[in-house]
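Everything below concerns the one structure shown next.
Chain naming follows the written order as A, B, C and D, and within any one chain the residues start at number 1.
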């Protein structure tokens, strides 16, 4: 808290010094309110993304083409649920409550990654999500392993390991498709065509249009800019697509020897803004599914509470 | 010790695989729909365990059969009448209480079953079962606790849990059914004597229902037929979904 | 109504004379209460059978293997709904109300043909139902075209025509299967194995165990005994099965030159009694589906009534 | 008059067939589940009409394509991305109000559409449409009346009907979408100019909603993509069910 009479809060200087020297801020440390709020927003969005992300992949559990793939997919979706819970816990160390965060999600006040508002239409999409969506997530998260808030950084380290495994699995699915029949390869290409641009959008607006970024960089919540991360993702994905023999649906994509990076076309930001506003193909469906799970399950949660209370009362009685 | 015929062993491994596979398929339908995220994780976890043993049983069935069918050929390229799972595991998920009732009744049978199968003279079956015992003990703890929690929770949850137990109960009898295949395998020390498990099953059920303030249903209806391919109408819809990819794109590697 | 003081009701004699001379009893004619009740029970059971019968066949509308078959199946199920309504109307001419009859069905007080408590597991079952179940129904119904109650007899005439068409369609499905691949033929045989005995049960218990039959025969509600009808069905079905190349699952089935009929084995009456008691494979499911349709649709029926009332009120107001 | 390319004509007949087929498939799911037996009959009747025209359009598409695909090959052997139906018709049935809303919005478009298509320079399309006009007039009367009945019925039915209209409304825009294929066919007098139908559609909607005491939804969301194979996640499940037999038993005569 800042005292208007006495100039800058000395705690703020100490906080910034810790951040600047790559120290970690821990739950009981003093921190600026805006830092706390930014973190809660970001971590809860991340948690929401894990939870909502279960839906497009869960859509294929029933139809996975082999038992091995089915087991891997169930395990992956289960991991995502675990990541979600882990991240909600990290946000709770900052004083947020999970129920409030989930309510904010279902009321549409909180955001989650726009990528999960696209539908999974073919099995290839399960491969593509692993390859591109988890791939993009990892690039974001690797950077976040060095984020200034301790619990978040530690969550990221753990999550990154599992995500790498998921990404490899997804890529393997595509390898099988691309080494398979013509129909399988076509399925892979069609999937890439749908997911490529939405994947690039996962890094957020371009730096020119990312107003909160500077403060987040100063606090070392963010370690790299949106555009830097996006470039890293493109550079990483192009040779992977080449290995698969797939064509990235961007006519402007080409190697720039001078920059040592791939140039690529303009991300369709209009679409991004529409999806962000709630107008993606599946926004309504994702929210409705979450709401339905919450509402249909209310009686179960009430029963669990009622039973716990009964038990506690009985224990008290027998202790007395 | 009697010699074991490959036909019998194939049929046995297949039906055990089918029990696990179909239960796993049903559990997978809960993904992202559970009352709590923790329950999503728990149900997925159970799904993983039973799908894992389905793979073991079906792979073994294919080896015993010796016609080159692997786990996927068996899971994805048979039609309704060739599936030998009990009717209990194919029952639709219903509400959470229905799923818990199905799971609890299955687990209460499955734990003694897997313990007995772990002593099978057949090494492969024994190995799968040995692993399954630990998993199932955990499943049973989970489904038993939730049966109690819902039964002895609110008025609404009590009513739902009782209705769910009533709904699923008729299907338990089939779990104890022995046919000629199992009789022969049992005599050879390979298969489990299901009838011998009934007492322990009934004790588990009685204890749990008592703690859950629920009543053991009495019904004269004892549907059977699953072991011989006579399933419910819902089962064909389950297969249409589960087998879609292998049916739509035959002969591919995935 | 019978007056205890004045001996037999002369109206009863007139009624029986009409019946004996093959005349028709019409809704406004006097009739014995027991005749009315028997008819209401029989006609409403018949109506319920049509309505419940939609379920096993409806189960395959979504999966019919060709568009031609899909259209034919939808049309058939639609006809059955029509028959149900037509029969409920016939019962209403006797003073019963459709709502009461449907409630009795859903409460389990009323019966319907036990055959519909068996599941349709393969596409062949759609053929088998057409061939055997409609075939058995026609044999029953042809006899009923001469039943003594006019509205019922006329309903039967109309229904019989459509059922014959359905039977032919069902048989055609099996012809295609039996002339098809080995797998298709196996599917047909497996279906026949499941449906044969339940089809024989459609004619009701054997005459020795059919206590109500004598009175029904005297009233000419029934025109032939259960066993006569069953024999007719067997005699008709055996050559049809032979043409298909299918084996009827009855080792005792053989031609009896002396009788001029096929002998056949004992119907599994224990199973029949179980299904009749409610313990068939699908009894619960059929009732639950009917109940669900009624309950889920309650708000729609209420809305229709409310709207009709509003309309009537508005019409009255504007007329005033 | 411009020459018409077979590719265009194939694509057009196919998407019209798909609209009808998928709507018919959804309507068929109501069988024995309607609020009244009379409604079962009415919904089956609509299903029959649209399935009938689906057969006409798809058969014609197969002839135009000239690769030997008949109506069944087209209906049962394409995967999601090859279906060109609008997203509206694939929306799940939901409750009865949802189905009525979907049907009413479709019919309100479909009547002027079929009237216009009846004047197509293509004789086959024209003949299918001429028959469809009478059927659709009847469908529209049915769905319009039920929209009014539910909208101006009880409080509950009003709320459900409004929610249903809100839910289905975003999908109407795609009905008026023209792409290059349709532009070219329209120039040749074969395809209907969809944009020209909007006024009449809006009048039908406005009249009906007014009488039903319902509000026309205003949403900025205008989902498209169905014409180019970008469907909803539910669509794959619909296909798994619809195509089961042809996928599981390829190459058979039924």
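The definition used in the following text is that a residue touches a chain if its C-beta (ideal position, glycine included) is under 8 Å from a C-beta of that chain, and two chains touch if they have at least 3 such contacts.
Composition by chain, UniProt nomenclature: A, C = Ring-1,2-phenylacetyl-CoA epoxidase subunit PaaA; B, D = Ring-1,2-phenylacetyl-CoA epoxidase subunit PaaC.
These figures come from a predicted structure and were not determined experimentally.
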Where chain A and chain D overlap in contact partners, by chain label: B
Chain pair showing more contacts of the two, B-C and A-B: A-B
Rounded Å distance, chain A centre to chain B centre (Cα mean): 35
CA centroid of chain B to CA centroid of chain D, Å: 42
Rounded Å distance, chain A centre to chain C centre (Cα mean): 59
Interface hub residues of chain A, defined as touching at least two other chains: 63
Touching two or more other chains - residue numbers and ranges from chain B: 79, 236, 240-241, 244
Which chain pairs touch, all of them: A-B, A-D, B-C, B-D, C-D
Residue ranges of chain D in contact with chain B within the complex: 79, 236-237, 239-241, 243-244, 247-248, 250
Residue numbers on chain D that touch chain A, as the complex places them: 79-81, 220-221, 223, 225, 230-233, 235-236, 240
Chain C - residues contacting chain B, complex: 56, 59, 63, 119-122, 190, 194, 277-279, 281-282, 284-285
Residue ranges of chain B touching chain A (in the complex, touch as defined): 21, 24-25, 28-29, 31-41, 44-45, 47-48, 51-52, 54-55, 58, 71-72, 75-76, 95-97, 148-150, 152-154, 156-157, 160, 241-242, 244-246, 249, 252-254
In the complex, chain C residues that touch chain D: 51, 54-55, 58, 61-71, 74-75, 77-78, 81-82, 84-85, 123, 173, 176-177, 179-181, 183-184, 289, 292-293, 296-304, 306-307, 310
